[in-house]
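Data first, discussion second: the structure below is written as structure tokens.
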Amino acid sequence: MKVRVGIGIIAFFAVVAVIGPWLNDLMGIGPWKIDYDAISRPPGGGHLLGTTSQGTDVLAQVIAGTRNSMVVGAVAGVIGIVLAVVVGVTAGFFGGRIDALLSFLTNMFLVLPVLPLTLIVAGYVQDTGPITIALIIGLFGWAPGARTLRAQTLSLRGRDFVMAMRMLGETKTRLIFVEVLPHLAGWISAMFLHLVLGAVLAEAGLAFLGISSADTVSWGTIIDQARQVALLNGMWWWFVPPGLCIALLGTATGLVNFGIDEVMNPRLRTADIKAMRKALA
Amino acid sequence: MSETPILAAEDVTKHFHARDGVGRHVTVRAVENITLRLHRGRIAALVGESGSGKTTLARLLAQFYPVTSGEIRLRGEPVTGPDKRFAGEVQLVFQDPFASLNSLRRVEHNLRRALRLHAHPAADEDVRELLGKVNLTPEAEFARKLPHELSGGQRQRVAIARALAVRPSVLLGDEPISMLDVSIRLDVLNLLARLRDEEGLALLYITHDIASARYLSDDIFVMYAGQMIEGGPAESVIQRPKHPYTRLLIDSSPDPERAAGSSAFTVGEKLGEPPSLVDPPPGCRFHPRCPFAKDECRTEVPPRVEFPDGGWTTCWLHATRPEDTPTP
Amino acid sequence: MILDVKGLNVDYISAKGTVRAVNDVSFQLRRGEILGVAGESGCGKSTLIMAITRLLRPPAALTGGQVWLHPRDGEPVDIAARTDRELRRIRWNKIAVVLQSAMDALNPVARLSAQFADVLKAHGYRDVERRTAELLEMVGISPDRARSYPHEMSGGMRQRAMIALALACDPELVVMDEPTTAVDVVMQRQILSQILQLRDRLGFSVVFVTHDLSLLVELAERIAVMYAGRIVEIGEAAAIYADPKHPYTKGLRDSFPPLRAPVTKLSGIPGSPPALRDLPPGCAFEPRCARRFDACAQRRPELLPVGGGLAACHLHDRERTHV
Amino acid sequence: MRQGRWRFLTRRVGFYLATAWSAITLNFLIPRLMPGDPASVIVRQLQRQSGESVSPETVAAIQKLFGDPRAGLLQQYGDYLVSIARLDFGLSVSRFPTPVGELLGAGLPWTLLLVGTTTVIAFLLGTGLGIAAGWKPGGRLDGFLSPMSTFLSALPYFWVALIALYVFGLVLGWFPLGGGFDPDLYGGPGFLGSVLEYLVMPAATIVFSAFGGWLLGMRNMMVTAVSEDYVLLGRAKGLSSGRVMFRYAARNALLPSVTGFAMAIGGVLGGALLTEIVFSYPGIGYLLYDAVSKRDYPLMQGVFLLTTLTVLLANFVADSVYVMIDPRTREAGR
Amino acid sequence: GGTQGTGTGSTGGAADSISLRVNNATTYSRNFNIYSPSTDIAPQISLIYEPLVRRNVFKGGALEPWLAESWEWSDGDKTVTLKLRTDVKFSDGTPMTSKDVAFTLNIPLKYPELNTGGQTYVSAEATGDHTVVVKWKKPAQLDFYRFALGVTGFAPRIVPEHIWKDKDLKTWTNPDPIGTGVGRLTAFTPQQFTLETRADYWGGPFPMKTIKIVATGSDDQTKARLLKGDIDFATISWPNAEQEYMARNPKTNVYKTFHTGGEESLLFNMDKAPFDDVNVRRALAMSLDRSSLLKLAPTGQEPANACGLEPAVYADFMAPGCEPQALDAEGAKKALADGGWTVQDGQLAKAGRTYPLGVKVVQEYANWMAYGKGMQDQWKTNLGLDVKVTAVPEENYDPQLNDGDFDMALYWTGGSNGLYSVFTDQLDPETYVPSGKDAQYQNQGRWKDESTAPLLDKLRTSVGDPEAQKETGHQLQKIVLDQVPYSPMFTADWFVEMNQTRWVGWPEAGSTQHVPHSGIGPDIVLTLKGLKPAGA
């Protein structure tokens, strides 16, 4: 149930991200279209969520922003998870020197303070569009995942079923891809969601710090723009929606992760207290 | 018995390097100077207390890790590493049938991979033939099942079928039934016996359960603290144990016949615990627990004594008067 | 009599449906007696133990029956009907439990002494240290090990410490769930003899659960055999071994190769236990039973007296009617 | 036993030293790889402030003063290592010629105060509630707390902070808008009070969005622990449920959290960046932000180094604490 | 709940104190080294250290006495003799003499890297107790302006020799500043420092006892604090200030803008096609509706004159036809057509090639961001062009412009430093460097037209001759108008927020002779001095 709600919300945002521009066209609004007659207009009339102090439509911006926020999330998530899998699984599976080296790398990235580092590096890159931001976030975000995956792989590697396949003379590649990786699917998907959310939040944070591209609109940039004007004017319709979108997405990933956790760790599966009460009543 | 053993451990020793509680590097003498030969069409049982090195020996035979000294020989040839040819001859069956099958893969995946890897035909009927061999019928249905749809015994049979797929000549079973429900253990044991008889497999059967060792095997070997202390034909070991430790094992095993109906359960003396393998006792390793320990037991390693019934032991009690068994 | 269990039902409840893991179980335990409970995996042995000690956790719920405890001093208590708070006084004082794996059952972050101390203090013992030493000595552990953490001890030692802990408050009933499954034969024998010895000395009663029938024959006075949540046979240990009345019991008995008797080919019990979710309408053992007949699939046999004990099998219907 | 712990810890020290070195090197390189130099930043600011252009001579002088950050990297690296060893972080550019060390010293207490207290409060609150929620998994409390904290921990916290600032600072006027204290009371009798008053809002927003994470983590550990046999045995022993809950379940469930807590404390310096910016809190985070936007390399390096070293230190402490509190870690760190 | 008035810097009723925000520092460092060009040190404006002369912005940048009573040129405008006031004392009681002045003026000579004022004189000597002679190599009337620059720390501001002489100015932070200004530092915290006004100030008594200089961090914080009434005086650009600030409390909150005489212009990178074509530049300039753009961030700025001079400062010099460029979409299209340009898929095209266009703005400037977006929208609407807006962080902006790494960009042009400075900044072909080379803040648009050079020369050499200035000025204005080397967009303004709760008598645009800017030289002194307690 929880999981289904979570997946529903994520899917909703994903769909909006994909069809966003088309949706905007359909409603005849655009994130950059300026309506000089409706500056700082509260919700209603031609602008469902009102307009910004620059005469642009908030809804159109949120819709357009969904795409970029989701792109940042997805790209950073993919980069992060790929790195985490490559580093973690390799280290865990091969052990020995490779492990020592990769673990050191992982541990180092674990202790480097990520936000400051991201800030410093993002300042380095010019005109930071969503992909760049995603790259940076992904590059700095893989370490915790790699650590977990390494530990998991290490334990999987020693499991009887892997041993048994190895006894048969199975190749290492196939051992990794066919026997080990599928068992990490739960971890990987949970981690991926975690990374996606982290990236969306980080993107918003960076936008807040002024690291974003003027030509793209994302939830983070909307918040950043809005805070400069909207707060003082009480223009909640401008400031609140992007934040809520992030929170909603976060809650959704949280819910899905709840479910994944329970699948991975059966002991987290809680009794259905409601059903029990009903049965015992 | 004089034919070349298919798989043999010749005087093998395995030391592990680990850290002890204080963080010091220590050497765990898991297996020391053991010779074990597996012959075609025979089942050898390996019994012993927990931690006596049974699994280590089996894994040495399976080339899981290299020996510290000594040699593993396949058909008389020393083996150097776990290559494909070796895998095609020697297979291991694990203790836990729940853990030894990939829970995400169907039965046929396991079998087909095993067949392919060793260049055997891997069509549906080959898979079915294997399943038939381990009595999993209807075969086609079982081939499509996932491990969680199988009972423990069925899983263990799948694991055995997978091992058989490579057409090995040796099967090493590390407590293959200890995780199974009592009611289905016999099923698996009977299957192993049949494989020996029909396929002429050489089998190593590791167990805690002496009764099942007697039931299944031709020869029994007893390990204690990393060493082999007694061996011989099954009946002779069980009926006429030579080493006090073997006797202890047998006496400890539940035996409804012995005491049926009464609870006149004689309380053994303080039997102590197996020794540390890091710093084993000198002389006979069993001497601290042995009620018959003599002076030489404490200082000198007992020699190997052979008996006419085919058995042998390493015990000072027999070193002098090999012909009669001590009656404590 | 120390324990009188009447018509006990335990359900596992979930939104998907309810399964009854312990079904209408009744038995009595005499003072000082050792009752063995045997059965295949999943037949409800542990659930039964948790129910009579009221330690069930969701989704398990006790949905029927009574568990009367008759303490030596005082009124009988229906454990099944009391609140947790009320039970606190009885726990460990009257009923103690030993679980399968001492490694898991001992608090990994507390020293042994602390784990003795908190139960002793909770039940009003004064000289905690002396008592701890005494208890440990009783099971052959040197008292200076009291300051160890569980992980610092070997498996057998932990299991014995567990037993010592169970005896801490001089209980009248000790419930043991497979206390020796995780240790090897030699250690098992030691532990069993210790249990017997202590029982003889202290006079507590034991409910001993295991799937190893051959063990129970030596240890227990009476044996209850469970199948699919029900007791299918209960009787004197020797009688059960010598002449099992239920085909399931017989099958179990014949699953153990003999240690000394001549080896014959044995075959165990074919098939596997039924899923509790959809039990056959008649006898639950019917699909696996070699001696089944028509009635078996239609009517569930009642647990009725046969010979010296009780058995639930239609095979005995005729005998009974003849009597 | 004790000796084993030491051995383990000394092995970890090696790792920390290597990491510290890598961080120091990275720290050295990153700012130097960034475009823009301090001189142009300063010129830009002067220009903005005055609304007019700055003469070429001025520009030349400023460039001369700060030098070229990319010249003679190797030489610089050597000098850098030497001065780091002497705890000399150089002179700040954006506050020339104030030494970086002085700035760090000024910012550190504030960040420690803000994030230190909030981390502790969030940890205690989250963990406490997590214990309660996990004790009866699926129960009413759990059913309420878990989803709620999922939601709370998903809120972007600077967003929460901005709303708080607007509502409580500006509209309601309950709390000051920014800063760490009332400068009019500086050093006076009301100073501590004002520090607390200024702390409330930033601290509350951090706690508000951070405790959910602790709660969820602790809850999950607790749920796992509650199903352990030793907890069952605790109940069977007839101990009070509070005792079982804390001594048996929570005590075990807490172990991973304690490590997490120590690491979180390590993240303190870097963690409050956004909050400090929203509330103009005079801490390290703000200093870093300033340093980055003003290309103040020495300051950037100082902050980054300080942050990294605290994280390392905290990790070391976490390791040590874990070894101390978990009797099972004879052979930890594998 | 109501405001409890516990905010920073609130003066708790009694009007003996004033709080000002000078710049966007979160915290100040106790660093009063006026030779530091840095901005986050404690700003002293001219409340502590004062310059010799002051520049009157509203008189075309005319110089007026400050610590120097008068000055005289000789030696063909290569030598100036300054006569100092005799009544000036440092705040430690020591009188200021010509020795102090000569010492101060020699600092940039001794440490060229501390020559942050960009001084060009070659010697400075005390010739009497209160006279100082400064010499240049070339005629230096223009260079003398640098004695009066309004910006923090850049004009030579007189320091006491007895304190400064043994210090290493490259590391000394001067924590206890002693100067000739009205303020004496009495309390320092990183968030605020307090200056007490001196009774013995040469400029006479001040209406307030203390002046608090508050560090507010960002513009957001500053606005919030202004709204809360924590700050009496600040200077930030505040779009919508009318509603957001004034309307909240019309009686007390005042937001004003003062034209600086410069403008915010659209620079074109003329090194690069298609901006090397005047038709394109003209079309792009004509297709913008400046007053609409200003609505997107109504800071109080106005459309700028099309020829690069603003009447607020240069009324006498204006060429005819200089009114702001009006939106002329048709004209713009025609200009494109004249140049042979077409618009294809939103891009400029000619001879089979298309040219993507971009415009840069500074990310931190909210109004520029809004204007950028607006320009993008208007170019799209009026010409069908897709122009990419790039927001560049403040710190990267100048390097990119200097390197010619831009198509178009908003930037400041003009100013109140006189005609020569207005035109030489962007139009001096001698300072041309190709894209990729550092333009050093000059001619970033890469103007190459040699005909401009003689005009600029003439302007420089005729400083004292208003007629010549005017005529040359007209010619240069025409170049800007016709060639559009850059297109002036909006007036560059000083934005000032003033709170009349505690202090009244703030300067009015049009009548004032000093900018009420919290960050500018002696003007702040004049502003504060002119205030009166409210209700008095």
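We call the chains A, B, C, D and E, going by the order they appear; numbering starts again at 1 in every chain.
We adopt the following convention: contacts are C-beta pairs under 8 Å (C-beta built on N, C-alpha and C of every residue); 3 or more make two chains touch, one makes a residue touch a chain.
The UniProt protein names, listed by chain, are A = Dipeptide transport system permease protein DppC; B = Oligopeptide transport ATP-binding protein OppF; C = Oligopeptide transport ATP-binding protein OppD; D = Dipeptide transport system permease protein DppB.
Please read these numbers as outputs of a predicted model, since none were measured by experiment.
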Chains contacting each of chain B and chain D, listed by label:
A, C
Hey, how far apart are chain B and chain E in touch steps, shortest way?
2
Centroid-based (C-alpha) most distant chain relative to chain C
E
Counting C-beta pairs in contact, pick out the pair of chains that comes out on top.
D-E
Centroid distance [mean C-alpha coordinates] between chain E and chain D, Å
38
Take the average of all CA coordinates in chain C, do the same for chain E, and state the distance between these two points in whole angstrom.
90
Computed distance of Cα centres, chain B from chain A, in Å
51
Set of chain E residues in contact with two or more other chains
224, 227, 393, 395-396
Set of chain D residues in contact with two or more other chains
35, 138, 165, 170, 227, 277, 293, 330
Send over the residues of chain A in touch with two or more other chains.
123, 126, 210, 227, 231-232, 270-273
Complex interface listing, chain A residues touching chain D
2, 104, 107-108, 111-117, 119-121, 123-124, 126, 197, 201, 204-205, 208-210, 223, 227, 231-232, 239, 243, 246-251, 253-255, 258, 261, 265, 267-268, 270-273
Of chain D, residues touching chain A in the complex:
15, 18-19, 22-23, 26, 30-31, 33-35, 137-139, 142-143, 146-147, 150-151, 153-156, 158-160, 162-163, 165-166, 170, 216, 220, 223-224, 227, 266-267, 269-271, 273-274, 277, 288-289, 292-293, 300, 303-304, 307-308, 311-312, 315
Chain D contacts chain C in the complex at 138, 226-230, 232-241, 243, 247-248, 251-252, 255, 325-328, 330
Complex contacts: residues of chain C adjacent to chain B
34, 40-41, 140, 152, 154-157, 183-190, 192-194, 196-197, 211-215, 217-221, 236-239, 241-242, 251-253, 255-261, 263, 265-270, 272
Given the complex, residues on chain E that touch chain D span 1-4, 6-10, 23, 25-27, 29-31, 33, 36-41, 108, 112-120, 146, 149-152, 154, 170-173, 187, 189-192, 212, 214-218, 221, 224-225, 227-228, 230, 260, 262, 393-399, 402, 412, 415-417, 421, 425, 440-442, 492-494, 519-520
